[in-house]
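Note that the chains are named A, B, C and D in the order they appear, and that numbering of residues resets to 1 at the start of each chain.
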Amino acid sequence: MKVTIVGPGKVGMVLAYSLVLRGVAREVVLVGSNREKAEGEALDLTHAQAFQQIPVKVRAGEIEDAAGSEVVAVCASVPMPAGLLTRNALAQGNADLMKELLPRIAKVAPNCKLVMVTNPVDVLTWQALQLTGFPRERVMGTGTLVDSIRFRELLSEMLAIHPDDLRAYILGEHGEHQFPAMSVAQSGGERIDDTPERRALCERAKHFGMEVFRKKGNTCYAIGQSAAYIIEAILLDEKRTVPLSVLVDGYLGVTDVCLSLPVVVGKKGVERFLHPDLNAVEAEQFREAARAVRKVIDGLE
Amino acid sequence: MKVTIVGPGKVGMVLAYSLVLRGVAREVVLVGSNREKAEGEALDLTHAQAFQQIPVKVRAGEIEDAAGSEVVAVCASVPMPAGLLTRNALAQGNADLMKELLPRIAKVAPNCKLVMVTNPVDVLTWQALQLTGFPRERVMGTGTLVDSIRFRELLSEMLAIHPDDLRAYILGEHGEHQFPAMSVAQSGGERIDDTPERRALCERAKHFGMEVFRKKGNTCYAIGQSAAYIIEAILLDEKRTVPLSVLVDGYLGVTDVCLSLPVVVGKKGVERFLHPDLNAVEAEQFREAARAVRKVIDGLE
Amino acid sequence: MKVTIVGPGKVGMVLAYSLVLRGVAREVVLVGSNREKAEGEALDLTHAQAFQQIPVKVRAGEIEDAAGSEVVAVCASVPMPAGLLTRNALAQGNADLMKELLPRIAKVAPNCKLVMVTNPVDVLTWQALQLTGFPRERVMGTGTLVDSIRFRELLSEMLAIHPDDLRAYILGEHGEHQFPAMSVAQSGGERIDDTPERRALCERAKHFGMEVFRKKGNTCYAIGQSAAYIIEAILLDEKRTVPLSVLVDGYLGVTDVCLSLPVVVGKKGVERFLHPDLNAVEAEQFREAARAVRKVIDGLE
Amino acid sequence: MKVTIVGPGKVGMVLAYSLVLRGVAREVVLVGSNREKAEGEALDLTHAQAFQQIPVKVRAGEIEDAAGSEVVAVCASVPMPAGLLTRNALAQGNADLMKELLPRIAKVAPNCKLVMVTNPVDVLTWQALQLTGFPRERVMGTGTLVDSIRFRELLSEMLAIHPDDLRAYILGEHGEHQFPAMSVAQSGGERIDDTPERRALCERAKHFGMEVFRKKGNTCYAIGQSAAYIIEAILLDEKRTVPLSVLVDGYLGVTDVCLSLPVVVGKKGVERFLHPDLNAVEAEQFREAARAVRKVIDGLE
């Protein structure tokens, strides 16, 4: 099973390394703007995979080498403008980059599932749908999966329950307009009540991406794991539930924008869109997120 | 980390083999009624573990060799009387067996966590508390974990969602008086509605144990996995939520009986007892299960 | 990837369970002489796999359901005649059984790799070649892989080195005429010298199968792991070196008999036959093993 | 089990991430020269581990937080002087850095096993022995493990055999004076003959580190895996054979220098030093490597 990673930067390489360690993807192609660097990365990973039980072929290539990929993950990005520190600052630059990359991907790998990581991820997932003409089942952004895991980790420290058993979802925008769907949050069949302390964790989780970014200049491990989790659910046809950025199609009155909702991921991509029964406040937060993302989309040239 | 398995029969050996493959327990002691057979099993497992990355010491022993165990799993049993086919038929025989075994276990391994598998598991978990004097945190029966996984597997086939993401719990008795807590069942934040088709799956799941038993003369893989799951959650301090048979202490008005409830399992054993907000019908089913198990307990000599 | 196990007895079921836990085979078919029992086993495994990350379909079937299998493992057997305790005692009974089973397997799964486990394994691997007409690359017996791991485990206890790093091979017959190829035994580039103590371990390893059999009435875990190891090396195209029973084609002057030699296993089956440079004594032991196996073959009706 | 990584740069962080994914180390401390950056890394890893089954605590700290560590891995380094591209160019700078770091490590974690990664690794492993006063069993450098895996990977592509089954060792210096111990190279009991083609692979492997460095500006995945492999062998007491840089104590006449030899690694560190029976040419290459490393040591101020 073949996976192509477009944009082998900090995030793309953590994703590649994670895939190599597990051996689910048996062929990984790295497509970057600097061919020699991508070749160095491919060599280094080739040596690392030799320690594993399952052999994985890793090589550098051009977009055309994505042909035959089950999944193409897009992590390519213009650099974050110094000091700006908001994902939307990347919108125009990356929208332009996608115009260059995505039609070529769609041409050589017309049946692939597309996993968008580049920011602002909701905006670019929407754009990817336009540029590729792919059905919504095959275009997904990592969205609030990474925010959800950060929130669960904080909750886990507070409640002493494994993050995977804390079924709490951050939904909406991967950005300022995200919110915890506390009205449906559960663990072991028990409600996770909506207390001020937990709200505070959620606020902290929302800003964790930027906090990590400020401290180390990027974020790569949690997002790399997020992308790897989605990709392996596709390759192994696992039918896992995850919150992902997908085209919203009427849920809570929202249309024609990409936002994070819980979905089921399997070999066909997004095999099912779930519709949690949010309360009125949450529903409004979702609509607010839709307006915010829409505004960025509308602002693109 | 040391685990002792008392009763290396069909179930006990699947448990032992599962532990050996994963290498979390680094020492496994098999205590059976036939020492030579246990030695044969230990040798066979010793050769199997040599294929694994992590070395595990396996040996046969007496109950006294349980000293120092983190966990003691009890799978010892009198034989199922031919044709009887109800777990309660084993009650008196196994209650007598436990009177022989459990005080000795409590003596040599006074700080262990006790995982009861032998049937009728709710009755014997209750009895284990009496015979060992252990706090309720350290005595748990596999209970409806195995029923829950069977239900989730059936649901998974119907809904095309991974069983682990179908957060539906079978609670109550591991036997006739079990029930699905549908009012709190969720997947990906979405309610799993309580339809007649799903009820039918639940009925089927309830009788799966006996169906498998009739077909092959025992059940061992699903229950072996259940026990292994609990034991690894203890050894690795995972804080996993699982439905287990534990001493009920006032929940829904029930006391002094063991029934399955969702709990959190970590290195101290049951670290937290969860209290799902069941609806009135389910609450009554829980109380009915309590009366049924109590009746068997009261019938013991 | 589909695997069919013909003969879901003690060995076949440990193999099936091992495959299910790892999730490399995604579909497992159990073909036994008792359909209802096979269905019980399949159900039990289906419930066990629901605990794993990777979903695996398990079902009972007839030989015809082996169609499309990458690998067919043959563990079917007549019962060991009470008290006999030599693998060759099964030769005629199992040769007859194979006449019934193997042509049907070859018909429905003409491109599968055949992994023979049933005893006497060298004799039946040879017979499988005749009955199926498969090329020697696609017919292999577990042979002395299990003996080698037992020897390495004993050596490991003596030398305090991981069994996988003790590159010592037991070759020849899976039976009395096996021998350690001490002249080429190495660990970490250092010779493993041929001392009387090590010879004693080798003698013990040779009789371990029978020792375990006497103690517990069968052997299943080490052999189940051996078969699983080979099958996963095929499914994952791992190119692993293992000693397996294969058609010997002139090595040391031996022809037209199956004996264990080190080979390389990958997706095509046996992709390469290795030829260790044995010393004169070992070479003679190999020829002696050939004569012994040949004699059993010639004695078949 | 606690591991401290001193120097969470490119290499240190791949090591940290690898440990976090496997969950063998349950506590990981990152000690860098920039505390805030280390905190960002720790947070990012904390979010990544929340995806895994086994919880791992990751935090930033000072050297004093290494107290209680089973293993301390040293990856701290002065920067590679631009354009220099030889490991020995780092010798004086890193020797000075070690004078600052190692006595403090030895003081707070006097019983740890020390795994040296920083270059020139043979020189610094020798220096670490002096600075800590630790016995040679507890001080090891990654040495030619990474070179050996690169050579095996190339051989694997040529021979179509899994790298783990290609028991060929690169020994001597992790640098120009390394050599393949072809006279004892084996796979599956068969000699790996010393042909010009294989020699060429070995030359390529020797320069792979520098080739990757030139292409991508660092090497991190293969070396991160190497360090993780050693550390897990210690934590799990695996008794694995690996070529590591250790104090040579008379082998082939060499003393008082660190070079790579095959050794056995377990919970006590280097539990055994192996002595392959090298041929005369190889023995001389080993002595030559000793002289080269000695010269760098003698040149330190």
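Operating definition for what follows: a residue touches a chain if its C-beta (ideal position, glycine included) is under 8 Å from a C-beta of that chain, and two chains touch if they have at least 3 such contacts.
Keep in mind it's a predicted model, so treat the numbers as computed, not measured.
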Using CA atoms for the superposition, what rotation angle relates chain A to chain B, in steps of 5 degrees?
180
Are the two sides of the chain C and chain D contact the same residues or different ones, given that same means over half of the numbers occur on both copies?
same
When I count C-beta pairs in contact, which pair ends up with more: A-C or A-D?
A-D
I'd like the Å distance between the centres of chain A and chain D, where a centre is the mean of that chain's Cα atoms.
34
What is the distance, in whole Å, between the centres of chain A and chain C, each centre taken as the mean of its C-alpha atoms?
45
Provide the list of chain B residues touching at least two other chains, using ranges where the numbers run on.
53, 55, 156, 162, 164, 238-239
For the chain C and chain D complex, residues of the former touching the latter
156, 160-162, 164-165, 167, 169, 181, 184-191, 238-243, 262-264, 266, 271-272, 274-277
What residues on chain D touch chain B, complex-wise?
23, 53-55, 236-239
What residues of chain A sit close enough to touch chain D in their complex?
14, 17-18, 20-21, 36-37, 39-41, 43-48, 50-51, 53, 55, 146, 149-150, 152-153, 156, 162-164, 208, 211-217, 219-222, 224-226, 229
